[in-house]
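Sharing a structure below in structure tokens format, with a few things to ask.
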């Protein structure tokens, strides 16, 4: 019974990682940049909803919408100011800029909200479902899982079936050639960031609901974990992000339960390394043959 | 009035002045060849016309619209297609996906299907390989794909950068036939070629580019008989 | 016995038989052409000979040594150098350094000697410089030795790639479409250079080319590939006049 | 002629470091250096060593790693444990250099271990694996008894000072610049530029990749030992991925493949947050803004004209390009 | 240089701690608590005509940056150092303070080495003290015998207490049924640890951790249906504030052994909590804030004891350091006296949280 509980706990942690990894991998896959600030956009989303609901006393629905709008705008603005001028620069320059943006958002949140964590308002009230004495299903985790699957399907359909989606695929490979096809590259990348950031807002919501507390550095660790999850699944690959996130959560929880809580981080990272040594482009990543 | 007009174009790469005041015109329905040695600046001119590079000075007009400040994707929407140097096909997408992207600016599905049929007719190899990942096509196949993709947008004018490069003789003939066909179908062609002989054979007029400047211009026949051209570009 | 002996060579990519049962033997000192329609498998043959791809079947022998299944590095050390269909230079390095990289396994000193700039470092570097310049001279690139490779015009980049390959002192040189993108004049020059290299360095050269003027002008023997299989091979004029080759490849 | 240029280029780099060293020394001797400045000298020096060595991997080999702090930490622990053990037995003049060598060598061993996946992985996949290695190392150090665990390792003699750091910086500079300008360095750069072409020339990719990792790890390890000898406590928490990122920031800011750039950027990035102390609460915010601005100046085409002024490495390429443009006519 | 201030007989007290980063709440609390004390003392005319000035620098919990901060403060004329808020940074700073011979009085550096030199003192408990006292208290006063521990393996404070607790528990016959670790900064999900607590049938969970993570644990414990009591040390103080008004019920029944409780009845605490809330828009001070506050009053007491009235006097350092072992300070965190070791001896109060208030037990 306790194994099942541990597994379920792992799945709920994993679906949180997966939810974050989806936005991460989306931006990576299309804009070909590691958006290190993604985690911090999650934090901004959570704080926006917090401010709207707890301070300004808006209704939950409005607070959530506000969070999504703020994050979407933020994503687009960050892209315009910090990343767009660097289209032709080396990927590392963009990576460092993203880190700079991450520091910026954290410092700003620290200035505005202070260092103390805030209790996230319960925008919905979830009661855990008690199957029996030992087995408790957390309804917020079930929600997270459901929403994550929904988003994954929607994203996959969007990218493969819509015109904008096809434009994204073209942009992800060769911006110049995409432009020659009549694709508005800047707009496409903006849309990518808008979608990625609105997903971050959703992740912020579920993070807040599940764990209850948010602070200026809330996004940093989930950001890294999502990065790991995205890579594990094959970075840029949307179902891969889902798989990577879930696996990461399950492995993390099971190794805490059955091996060692002290070394669980090390175990998770070791699994990642082993997977990548066997499959160098992640579990679902396409192997790209370089034609000589 | 000329369909495409380039006036006093100046292009720099950093401090290097690659195009030094080039002017030329392309009239509707013409096939214009732009020939010149390696590094003369042919590719640079095409890139500047389709907006991938910003010129330092000069004017580019297409059907009366100024192209200099127009973003590349809008230029495509105006009806200009570009078969770029090095092909720039989408390596990780399939042949069919590449062709679909070629028709990105078009709305009507039936018209797109018709274009697709036409492209397949011209390049049967592409139909055979329609589900192959484009990056693994052979060099020649990739070139065909690049041309097919450009045709998918049903352009008014098509800019081609060395379409015969790396193509086997039989297909080279086919490609030049294709260009003729495209032209007779009413599409204007601006053709950049190393294969000057073939290019001059099918074009109305031509410009000879030398280190960023127009050295010679005239109608194709004249140029073909020009002693300098013969020596420098026809290898006679 | 021939310098390069290819027997029954074949490879498939997920069901596609890119090359099937290909045979060729290239005599020492020969200028050998490999032609065929696009996608026939010519570059793939090069890739198997140089160890980039592992053949699914068949054998490759150089000078009697079996090279089948060896990797690129080992094969280069056995004496095969190549150029690529799409130029692969070390674009952020100088022209001189590109050639010196070709000399990497010819003139050696240890890492420690390099770090401490020992005497032998200085001597060997000087030797490398001189050797590299002498090779660059063959291609008329000696004045550009200090340029970044990417700043060279296209034609010179092609030449530099050949120079770099030559620097590894191969027994066999493989050239993949060396004249692609060149105008007739430049092609003419290139033909002279290739002949010169063959004579001066006593080199065996196998080349892929679509420019029939070049093929007819310099190749002594050729093989024609079509759909991965051999269509014809033999003396150049014979093959080029073979009606099968004309319908499948040359046209007219 | 080319060799001369190269030598002059290197000599200028050495000259800048020596001049800066002399300048600071004079300030210190004449009592004009604030304590804050003096305290910052060792950390700045350490970042120079770390950045120059990381540049070998990132700038010259062209691989992205986020685990440089991991090398630093194993070096630090190995060297400091040695130093603590022999604190009473060996005199400082013997013990400290020996500790540095031991730290460097232990880091080398880890360089090989981490180098192995490098042979299979590329780009961001490699980045995450090196990050993972760094975190694993840290996690293990925290859980070990003899490393002092979470409370940290105490009792390392505080032997580091500005002069020793200067000597190590000079050694690092000479070794890395000489290496880069030698046969091995050329091979390393060729892998970055075109791996397939390098293979076709018979260049042993595996060997040179590992070589770059091992040499970079060695200096990171040495830097770790100096770090451990600079403070009375060594805590694993300082070697997290943020530290690796800080070094990467320096390398990128200084210009990938520019050693002089790394040196100057190390000074800027280490000193900047300290300089901003007077801004109190706004310090990290301003730091972030400055970092973003520097990267934009560095990488945006809009600022191409001014690039040389921001990116130290870039300044020299710019000048070189100008010169070769002139030569080309 | 801030030497101008020194001329005016203003004592520059330098504080160092994390003001940014994951641990910033601790640095900020100490800074704010100490500032209130400084303001109060100055408002009352100072001590022996000496005014206080608090300068506080960020160290991001990094020892190197703490040393840099220390030297910045020395450049600014610091005469007394509050060491650093976190132990690792504080230990690095003790070396510098030793060289300078100035008084170092850390509010919250709890590792043993934070007071390793004669000029170094502390306000808070040491880790070993707390571990032992906690085990004793549980064994002597509570019925629970099967104990689970959830601790922060990356935090020296938490590891230090845990080690001593485990040792003392063995002596006292308590059974440690689960010892579960996490890493602060990277952990928000404690479901695995709590599942373990549940599976082992523990009767009490010992939480030698800080309130920030404890808030997460309490929230998740409720979802997981864990109903056993939680017991913490001084780090747990501030838990009510961390939980926020929505979640205060979660803390019901939590016991902690702390020298400071913001809900205490004495006028001193009440006054402090009031002023703190007014000055820092409604925040409730935690134990770190109280430690900061007490540190400043301890310095005041030492100055008074030593009879110093000129901070520029040559023997300022020796006099104030000597005075430290002679003063008795009635602080927010208890009545403190110091011996040669530099550790404060004071009593811990055991309190239980009931309906959002601390009740002494």
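Each chain gets a letter, A, B, C, D and E, in the order it is written, and its residues are counted from 1.
Simple rule for what comes next: a residue touches a chain if its C-beta (ideal position, glycine included) is under 8 Å from a C-beta of that chain, and two chains touch if they have at least 3 such contacts.
All values reported here derive from a predicted model rather than from experimental measurement.
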Specify the chain most distant from subunit A by Cα centroid.
C
Contact-pair count is greater, between A-D and D-E, for A-D
Once you find the CA centre of subunit A and the CA centre of subunit C, what distance in Å lies between them?
48
Please compute the C-alpha centroid of subunit C, do the same for subunit D, then give the distance between them in whole Å.
40
Taking each chain's centre as its mean C-alpha position, how far apart are subunit B and subunit C in Å?
30
What are the residues of subunit D that contact at least two other chains?
139, 143, 196, 281, 284, 328
Can you list the subunit A residues in contact with two or more other chains?
106-107, 110, 262, 265, 292
Residue numbers in subunit C touching 2 or more other chains?
43, 52, 84
Note: in the complex, subunit C contacts subunit B through residues 13, 35-40, 43, 85-86, 153-156, 177, 180-188, 210, 212-213, 248-251
List of subunit C residues in touch with subunit A within their complex
43, 47, 52, 84
Subunit D touches which residues of subunit A in the complex?
28, 34, 82, 85-86, 88-90, 92-97, 99-101, 103-104, 106-108, 110-111, 224, 227-228, 231, 235, 262-263, 265-266, 269-270, 272-273, 276-277, 280-282, 290, 292
Residues of subunit C that touch subunit D when the two form their complex:
50, 52, 71-73, 76-77, 81-82, 84, 88-94, 96-97, 100-102, 104-105, 108-109, 111, 113-117, 121, 124-125, 129, 145-148, 151, 164-165, 167-168
For the complex, which residues does subunit B have touching subunit C?
35, 37-39, 86, 125, 136-141, 143-144, 162, 165-173, 194-197, 231-236
